[in-house]
Amino acid sequence: MDTLLNLWSTIESWMLAFPVVIYLVKIGILLGCVFAVVAYITLAERRLLGFYQSRLGPNRVGPLGLIQPVADGLKCFLKEDIVPLNSNPLLFRLAPVFAFFPPFAGFAVFTFALPWVMPNGRTYHYSVADVDLGVLFIMAISSLGIFGLILAGWSSGSKYPLFGSLRSASQMLAYEVPLTLSVISVVMMAGSFRLSDIVAAQQAYKFYFFIPCIIGFVVYFISSVAEMNRTPFDLPEGESEIIGFHTEYSGMRFAFFFVAEYANVVFISMLAPALFLGGYDIPFVNDLALYGAHPNIVSILGVCSYAAKSTIFALFVIWVRATFPRYRYDQLLKIGWLVLLPIALANLFVVAGIKLFLLK
Amino acid sequence: MNAEKPSYMREVLETREMELNMGPQHPATHGVYRAILTLDGERIMKLNSVVGYLHRGIEKWAEYRTYQQGVPIYDRLDYLGAVLNNHGIVGAVEKLLQLEVPRKAEYQRVICDELQRLASHLMWFATHALDIGAMSVLFYGVREREPIMDLFEAHFGQRLLPNAYPIGGCRLDFPKGWTEACRKFLKALKPRIDDYETLLTGNRMWRQRTIGVGVISKEDAIAYGLSGPTLRGSGVCFDVRRSIPYSAYPEFDFEIPLGTNGDVFDRYLCRMKEMRQSIRIIEQALDGMPEGDLKGKAPKIMRAPMGEVYFTVEAAKGQLGYYIVSDGTDKPYRLHIKSPSFINLQGLNRMSEGALIADMVAIIGSIDIVLGEVDR
Amino acid sequence: MEAISKFIRMITFPELFKGMAVTAKYFFQRKVTEQYPDQKTILPYRTKGKLHVDIDKCISLCRFCEKVCPEGCIKVFPPPKELAKTDKRPVEFYINQEHCLHCGMCVDSCSTGAIHHSDEYELVVIDFKELLGDKETLPYDMIKKHYRWNYLENVPVKIKDSPLKEEEKSQ
Amino acid sequence: MADEKETTAAPAAPAPPKKGWEPTGEIAESDASKALLEKFAGFAAPVKNLAKEPTVMVKKEKLVEALEYLKSDPQHLFDYLSDMTAVHYPDNDKKIMTVYHLYSTSRKDSIRVKCELDEGEACPTCVGVWPAANWMEREAFDLMGVAFEGHPDLRRILMPDEWEGHPLRKEYPLGGPQEEEIRSNKYGKPQLLPDDLEEARKIIEEGRNER
C-alpha cells in the first residue's frame, strides 16, 4: 500500500509539473467512456425496441449480442465509401466531421460527481473543465452540429439530401429557442451558468429543479427529442418519407452521422439530470453532510446516481420512439414556434415569480 | 470569373417548380411504383404515376394454360390476399361452366376468405402505420398475421400462396382441431385490435397526420372507380359481398362500415371496423357450418361453350373482377383481371392534389396498393 | 366545464400515455421471435414441401401430373407398350423443383398416390442440380417419416405454440 | 425475365376457331338494356350471354352517347365503371371489341356494353364520362393496340415506353418477338422436356454439366 502511495505521489508531482497531462488523461478517460456508452446505446436501443415490439432484437453476435456494436462498426468501416459525382467532394467529406465533433466537445463541461479526495488530501474533480459559462458553452456547441447537416445536404448535389437538410435546419432552429429558454429558467433558479453550481444549488435547496420548473422540464424534454431528431420529430431521417440529409452517404461517413446522432442522445440525456434532476445528488440523502465523513464513497455513489438518472431519461426517449408516429414537417414547425415557444416564455415568468416570492 | 452574371443578378428572384422522383425503389411506395412529383416547395402540384415495373404478363400467360392450371398463378397477383384472388377465378370459371358448389364448400370459402381479409388488413395496418412513423405497430401487425398464416398452413399446406380452392368446391375438410384453434385466435385478436386503436386512433399525432389528408369526395370516388375500403371511406356503400352477392355471404349478418369525409383517417377507421366485421362473419360461419359434401361435380377436362362471363369478388383491396372470354376449348380465350389496386392507384392523382410530400406517403398507405396486382 | 376538461386533456397527454402503456404491456410479454436455425419450425401435417415420388406405385401411363402442372416442371417417360403390360413403372421421371410452385395439383390428380409432398421445406441449394429430381433421387427416404396430405383426411392439426395461445393459458 | 423463360415450356397456343368468335347462350334482358335498345335503335343490338348477364352491342358512333345516357339517366344511373377492356378476335369481321362493365351503386344493377371495331380503327374515349377510364383505356391501348380518340394522355402504361408490338394481340407470341432466340438460348432450356427419352436425358446431362 505504501509503495503504491509513493508511486502515486511521484506521478502526481510529475503531473503537477505539467498540468496539461492531467487534462489529457481526463479527456482520454472521458472520450473512452463516451464512445463506449454511445456504442452500447445503439445496441441497447435496438434490443429495447425489440422488446417493445415483442421480438428479441439483435442477439447473434456474442453473448446477448454484446459484440454487435463492434460488428456494426467493422461493417461500416469495410463498406465502400461512395462520393457522388455531382457532389462537392471537399465539403462532402468534411460534413460528417462537422456533425461528429460538437456533441463530444460538449461533454467537457460536465461535472459527474463531488470531487475525489486522495489520502494525501489533494482533490480531483470529475470534470475536464468546469467553466463559468458551462450551460452557455453547451448551447453554443450543440448549435454547431447543424453546420454538418446543412453541409451534408448541400454538398451531396442531390435533391433529397437538400430537402432533408433544409428540414433539419429549420427544425433545429425552431426547437433551439424553447430548449434554451427552458434551460434559462433553471439557470435563473440556480443563479449560475456553471453546471456544478446548478447541482450544488439543487442540493442546497433540497429539491430538484424539475419541481418549480415542471413546465420547463416538459418543454425541455419535447424540444430535446426534436433536437435529437428522434420520434415523433424524426423527419430528417423519416425513412418512409423521401428524405434525409445523409441519403447519399455510405459506409464510414454514414457511420459518423449515426454516431453523432447517438452521441447527441447521450449528451442530452446527461444534461437533463444535471439541470432538472439534481445531477450527482443522491436522492433522499443529505450528500453534503455525508461527504464530510466519507467523501470517496459519496462521490462514487454520486457517479452512479448520475448514470442512473440519465439512463432513465434515455430509456424514456427509447420508449417514446417505440410508441409514437411521426409529425409532419409543417406541424412540427408549428409546434415549435407557436406552442412551445410561448409556453417556455411563460414558464420563465412563473419561475421568476417562484424565485422572487417563494424562495427568499 | 464567369462571363455570365450569377442568376440572382440576371433576373428578378423567382421560384420554380421542382420535379422529384419518388420511387421506383422507395420504402413508402410498397413496391416498385414511381411517382414523378412536381413540387412547389413541399407542396405537390402535379403527380404523374409510372407503373408497370412488375408487369409479368399474367393475362397473356393465362391464354396458354387451362382453367385449372391458372388457379395457382392468380395467387401471385395480390400476394397478400391470395385466397381472395383464388375465390375470384374459381368463381368465374364456375359461373362460366355453370357448376354448383356445395354449401359446405361455400362456408369453408367464406371462412378462409375472411381470414385472408384479416391477414391482408393486418399487413396493411402494419405498413401504413410504419409509413407514418409508428414503428412498433409494424411488428404487432405482422405478429397477429402470423397465426393466420399458421392456420392456412395447417389447412392448405401453404402459408402465403396456398392455391386454396379447386374449381367446383374445396379440397379437404378442416383438419381436426382447426376450428378450435381458429376460434381461439379470433378471441385473442379482438382485444388486440382494441389495443391498436388505443395506440393510434386517439393519438393526437396520428389524427393530425391523417384527418383532412387525401380527401376524395363521394362523387369523385365513384367517378374514379375506386372500390373497397378506399371507396367506402368516402361514404359510398358499395361492397360486393352485399351489392352483388356471391358465395354464402347473403346468409351472414354483418355491417359495412362507412366513412364520412373520405380522408386517410376515415379509410383507416373503415378497415379497422372491417376487421371486426370479418371476425363476426367467421364466427357465424364456424357456428353454422353445414354438413355435406365438399367436392363439387367438376369435370376433369373443362371445356366451356363460347361466351363470356364477368365475376367479381370483394377482395381485401376492393372489387376484384375476372372477365373470361371462352372459345370452346379448355383454355380461356381472353382473361382480363380488374385489379382493385390498379384503379385505386389512379385515384391517387386526385387525392394528392395540393398535399405535402409527407401526406403523399400517408395517402399511398391508405389506399393499400399491392404492386403485384397493379402491374399484373 | 367541457372546455376545461378538454384543456386538461390537451396539456396532460392522457391518450399518449395510454399508448405508451400498450407498448409497455408488450414489453413484458413473451416474445414471438423464432430463432430459425437453432429452433426448427414445427410443420403441420399438410405442409406442401418438396415433391417426392414413390416410383413403385407410379403407373406412369396416365401422366396426369405432367398434364396438370402449370409450370411444366414434371416429365414422365412411360415404358414401351409391350413392357407396360407387366411393369407399369416409369422408365424415367423428372421433376424440376426449381420451377415448382408447390400448388399441389399433381398430388390432387394422382390416382395412386405415388407423387406426394414431403415435409422437407429447406430448399435452398448451392447447386441447381440438387433440385432436379430423377428416378434415383425422387423416392423419399422412407426412414424419415413423411406425410402425404392428399390421402390423410382430418389428421389432428399441429399449430406451433404461438404467443396468442400462451396468453390464453394465463388468462 | 421469368416470362420469357416460361414461354419455352408452354404448350402451343390454342388454335383459334376458324369461324370466328360467336357468343352462345341466350339473350338476357334487363330494364336498362331494353331502354338502351329502344333509345338507340339501329345502333344497338342485344348479345347472347351464357350467364344471363344483360349485354348490349353498341355501334362506335353512338358509344359515348350511350354510355353517357346510361350514366346520367335517372332511371339507370350506372355511375360506376367497374371494368373496361378490349379483346382481339383475329378471325372475326370486326377484329377488336371493347367491353365496358357498368354498375349502378344506387340501383345495384349491372350491364355490359360492347363495341366492335375494325383493325386500326380508333375507339371514342369515355374519359369524359368516367375519369376512371383513363388508365383502363391506356392499358387497352398498351396491350391490345386500340387507339382511343380524344384520350388526354394516350401512352403505354404497363409495358416500357419503347416497346414494340401489343402483347395481348393473338398474333403476338407468348415469348415476345425474341421467342425463337430464347428457345435456342442454352440457358433458356425448356422446362418441358421432349417426349423422346434419349433427347431428354441428353438435355438434362448437358444442363448438369453446365451449371
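Lettered A, B, C and D in written order, each chain numbered from 1.
Everything that follows uses one rule, which is that a residue touches a chain if its C-beta (ideal position, glycine included) is under 8 Å from a C-beta of that chain, and two chains touch if they have at least 3 such contacts.
What you are looking at is a predicted structure, and each value in this text was computed from that prediction instead of being measured.
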item	value
Identifier of the chain whose CA centre is least distant from the whole-structure CA centre	B
Maximum centroid distance from chain B, chain identifier (CA atoms)	A
Inter-centroid spacing, chain D versus chain C (mean Cα positions, whole Å)	36
Gap in Å, rounded to a whole number, between the CA centres of chain C and chain B	24
Chain centre separation (chain A, chain C; CA means) in Å	50
Inter-chain centre distance, chain A versus chain D - centres from mean C-alpha coordinates, in Å	63
Chain C residues counted as touching two or more neighbouring chains	16, 19, 22-23, 26, 32, 163
Multi-partner residues of chain D (at least 2 other chains)	6, 10-11
Sequence positions of chain A contacting 2 or more other chains	52-55, 322-324
Chains that touch, pairwise	A-B, A-C, B-C, B-D, C-D
Chain C - residues contacting chain B, complex	13, 15-16, 18-19, 22-23, 25-26, 32, 43-48, 68-70, 101-105, 108, 117, 149, 153-160, 162-165, 167-168
For the chain B and chain D complex, residues of the former touching the latter	51-52, 55-57, 59-61, 63-65, 95-96, 98, 222-225, 236-238, 243-244, 304-310, 312, 319, 321, 323, 325, 327-329, 331, 333-334, 336, 338, 342-343, 346, 350, 375-376
Residue ranges of chain C touching chain A (in the complex, touch as defined)	16, 19-20, 22-24, 26-27, 29-33, 35, 163
Residues of chain C that touch chain D when the two form their complex	71-73, 75, 77, 91-92, 94, 96, 99, 127-129, 132, 134
Of chain D, residues touching chain C in the complex	6, 9-11, 191-193, 197, 200-201, 204, 207-208, 211
